[in-house]
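By written order: A, B, C, D, E and F. Residues from 1 in each chain.
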């Protein structure tokens, strides 16, 4: 079995793929949230990413930031 | 109004804060998913992060990867 | 009040916006320094980024590297 | 001559070094701004980073986000 | 079959694991090169990482920088 | 002498440069491995990157993930 150190794995559905020459933007619906990935166009082509496809968004823990809403907590 | 280029904003609840000398790990429940952030301990202290707090996880689009499950799509 | 874990917040002025299909490059003058951000084109469009606009460059602490100049310190 | 693709190079002075077992936090004064880097403790040791040292903070363009203040621009 | 957008996959052997409270440093031998990963301690524990273990280092293309040696090319 | 906190320095040869408007993809042969960098087009132009050029791929330790193959270890 393959195991990955990557802590964040969010299953979702592709809603848009926009390809440039070098980069590609992939939009996803993940639960109630909208997500966006900027990857190489090479990846988007090799994985054959297309609208409606079920995928998992991966994010390394070092790349997650936290925003607090102090007012909401009062 | 403040606007951010950061594309991924996932609201959730803190389930654990583990602080080291330099870094801190923050665990979150975001919808049906578990998320983990590795931030500076300084940030965790200044924001007063604690279990049960409602926060938003932020991720830059360039830090999101895509995993496909070809078998599942067959 | 909104608080962010993101440690690095550098106020500056946009000097150039170059848009591709998927990505956009935003150049900034921040004090005496030139900075460059590579973001999604979607972000650049939604935020309406344009030359002369005053913005803040944000960088997560985990993304900052350090370069030393040993010769200069001798 | 060595050239680097890394677009953001911000000269500054170290104001604090906090070392953990695995990671180290380095605080810097860069012009009028405060900056923070989270690096490996190994790097902090090998480079002999200490308060008062003049260094350059490096950031890849893909790691820079943009925040706008619409109210301020009105 | 699982496919990943992550472009850089470098097989190697773990040479050191240093664990802090929140973070862990993992050193690897990858061909002729030494590599270092800073991950969460949680990941290092869950994957049971230990010296001598064969693993693959993964890096997103957006996180790779390029250094040139102009003098060497003369 | 210049020293960098960046832990991962992998010497290789450029095998492809694909330029978009904002971003550029640079492919490298590094030992037995193929690597890909997504950088700004500005960087690719300024460094004059071209096929056959010997360069060094740089990666910050916080951007390296670990994949294990439990089955292989049984």
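We take it that a contact is a pair of C-beta atoms (placed from the backbone, for glycine too) under 8 Å apart; a residue touches a chain by one contact, two chains touch by 3 or more.
Everything quoted here is computed from the prediction, not taken from an experiment.
Note on connectivity: the fewest steps through touching chains from chain C to chain F is 1.
Chains that touch both chain B and chain D are the following: C, E.
When chain centres are defined as mean Cα coordinates, B lies farthest from chain F. With centres defined by CA atoms alone, the chain at the far end from chain E is C. Separating the centre of chain A from that of chain C, both taken as means of CA atoms, is a distance of 22 Å. One simple way to say how far apart two chains are is to compare their mean CA positions; for chain C and chain D this gives 13 Å.
Chain A and chain D have Cα centroids separated by 27 Å.
For chain F, the set of residues that touch two or more other chains comprises 2-7, 20-23, 25, 36-43, 47, 58, 60-63, 65-69.
Interchain contacts (touch definition given at top) occur between A-B, A-C, A-E, A-F, B-C, B-D, B-E, C-D, C-F, D-E, D-F, E-F. Of all the residues in chain C, the ones that touch chain F in their complex are 18-25, 36, 38, 41, 62-63, 65-71. Against chain A, the residues of chain E that register as touching in their complex are 2-7, 37-40, 42-44, 46-47, 58, 60-62. The residues of chain B lying in touch with chain D in their complex are 1-6, 20-23, 40-42, 60, 62. Across the complex, chain B is touched by residues 6-11, 25-26, 30-33, 35-39, 43, 47-49, 53-69, 72-73 of chain A.
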